[in-house]
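Both of the next two complexes hold subunit A, though its partner changes from subunit B to subunit C.
Presenting the complex of A and B:
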């Protein structure tokens, strides 16, 4: 079973991973975006860890709802409302249980990913974070390690795609050949799940 | 509106200058001596390019006269942040709507229409209609 502490560890591990990879995320965002993905997410997840330390919500759902709120209000770019919605909807779907099973989490995370797709209007293959999140959700039934591998593979597979959403879509064919920064940061988020679980 | 209050307009851009300029332009073209509540919410709180949910929420609160707030945005994170705030439920005044309209032309149509005392639905329709005005 997963408790509030597990979800706090997930957020802390994500923040640490975003810190480590911020330069790479921004480098990926330079040719096809506006070169701020790393710094935007760093600012957002620093705010998340700060508020979780201060408020220490007691349930998994409350941890994720609070984290999502912070991302929406602090990131400043499109990744804020997108990741904010992902975490908030996942948290809401978890309800008020003090502990949740991995299966409950998998269902809730799928609801979160569905909400991101509804907000951004992106489908699989559009070269967005969805291309890492959908494979991860599909693999969650086999555990966090499987989800991590699926998300990484999904992020790598965005390289040959042409972007159809966001700023990169204006570049048309010039977006081909670059790994999507959003899919890459999504794979970090999923990898941090495994890390929080000691995998 | 029977109580004489006007619909509020919020203009959300990635740039503080763009939001402020479009607000000034729309108010200038509305004329008629009616002071439509219009507030820009441009850029991030730090003054950079981007979107700030805090600035949006403050702008919406400042133009809310109780008869609705129409929010017009430019692109990307501006659209997504307003949608996320609306989904939160309690971040924006009641009867706040994201209006699907071109930013500059829609803002002018919205402000002029609001100045007549029109309701939120009419302001929204006027702004959205700006999409149908072809230039070529």
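Presenting the complex of A and C:
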């Protein structure tokens, strides 16, 4: 079973991972976006870890709702609302239980990803964070390690795609050949799940 | 890179402190990043709130004041502001007559303003939104995020701002803003990439002797790269791109906009070429604005925006305006 402490570790691990990879995210964002994905997420997840230390919510759902709200209030751009919605809606779907099973989490995370698709209007293959999140959700039944591998593979698979959503879509065919920064940061988020679980 | 900054993290806050010092007629909330005209809320007047990433100055903070915006929310460099800023701005300018959000068509701006509109309505503020999407370089199809908002933002903010200043109701101000956007088209050209503070090096590599056609305002490359052209050739290309997408029946407003690093000497020379093409194509220019208004940090280059006007919109364009970045008639 997963408790509130697990979800706090997930957020802390994500923040640390975004810190480590900020330069790479920004470099990926440079040829097809505006070169700030790393610094924007860094600002947001620093704020998330700070607020979780201060408020320490008691349930898994409350941890994620608070983290999501904090991202919406601090990140800006498209990443703020999209990542914020992902965590908020996942948290809401978890309800008020003090502990949740991995299966419950998998269902809630799928609800979060669905909310992201509804908000951003992106479908699989549009070269967005969805291309890492959907494979991760599909693999969650086989454990966090499998989800991590699926998300990483999904992020790598965005390279040959043409962007249809977000700022990269303005480049048309010139977006082909670059790995999507949003899918890459999503794979970091999923990898941090495995890390929080000690995998 | 040599840049006149302290550290990248404080660039926006430092600029806001400087804006406040230069313009006591503005209320600048540096911590929450909201710029409001000092006399807001004005009784009976619709509030106009715009915002977007920083790095496009004078857009939007430089357009706050009588006759134009009531408030602006600057985000991080090239990053949309967050809903909290927009809600704060809406609350500061709402006199009960409602608030119009002017939003450029970028996914981040759209999502954050949508969330802000919901939150503001929860607080009892009536909110309308207008989306600016004038850039003809981007194909508007189901398969992209749609056209970008660029130079027409200035026309929308000025003309809707004048209508609001006259005391016109929210639905009328909104429909005027929408009409100005629909009647505007833009095309931009980059002669160099720009350098964002977060990255510290040019956002894309543009070799000497080449240029990017069809750029936006975020340091992203354009749709196409070609060998360097003369001002005359660029004007021909840009104006034709715009006119291929609109057939102005009335006289137009013309904005010849610098991207930030192109000197006015070059912009005026470019304007001469733009006016020549327009004359050749039989388009009458009612008013012309030349300068750096919707910029992209230190990018060199220019954009051309045309807005088809009628008597009413031209009158509103000519109405007095008093902001840091645009002022006439008062």
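Annotations
Operating definition for what follows: the second predicted complex is superposed on the first by the 199 of 199 C-alpha atoms of A that agree within 3 Å, B and C clash if a C-alpha of one lies under 4 Å from a C-alpha of the other, contacts with A are read in each partner's own complex, and residues count from 1 in each chain.
Assume contacts are C-beta pairs under 8 Å (C-beta built on N, C-alpha and C of every residue); 3 or more make two chains touch, one makes a residue touch a chain.
Remember, it's a predicted structure, so these values are computed and weren't measured experimentally.
Superposition model on subunit A: subunit B and subunit C are shown in a clashing arrangement. Legend: residue contacts after superposition of the two complexes on their common chain; A:35 is shown touching subunit C, with no touch to subunit B. Counting the residues of subunit A touched by each of subunit B and subunit C gives the higher count for C.
In the superposition on chain A, A:73 contacts both subunit B and subunit C.
When both complexes are overlaid on chain A, the residue A:81 reaches subunit B and subunit C alike.
Shared-chain residue A:141: touches no atom of subunit B or subunit C. In the superposition on chain A, A:26 makes contact with subunit C only, while subunit B stays out of contact range.
In the superposition on chain A, A:172 makes contact with subunit C only, not with subunit B.
In the overlay built on the shared chain, the residue A:120 is in contact with subunit B and with subunit C.
Contacts of A:164 after superposition on the shared chain: subunit C is touched, whereas subunit B is not. Once the complexes are superposed on chain A, the part of subunit C occupying the same space as subunit B corresponds, among 96-104, 222-230 or 294-302, to 96-104.
Counting contacts as defined above, subunit A residues 34, 36, 40, 72-73, 76-82, 119-120, 166-167 meet subunit B in one complex and subunit C in the other. Listed in rising order, the residues of subunit A touching subunit B in the complex are 34, 36, 40, 69, 72-73, 76-82, 84-85, 88, 119-120, 166-167.
Residues 44, 48-54, 76-77, 80-81, 83-85, 87-88 of subunit B are the ones touching subunit A in the complex. Residues of subunit A that touch subunit C in their complex: 26, 30-36, 38-40, 43, 72-82, 119-120, 164-167, 169-172, 174.
Interface of subunit C with subunit A (complex): residues 8, 53, 75-84, 106-108, 111-112, 115, 137-139, 143-145, 148, 196, 198-199, 203-204, 216, 218-221, 223.
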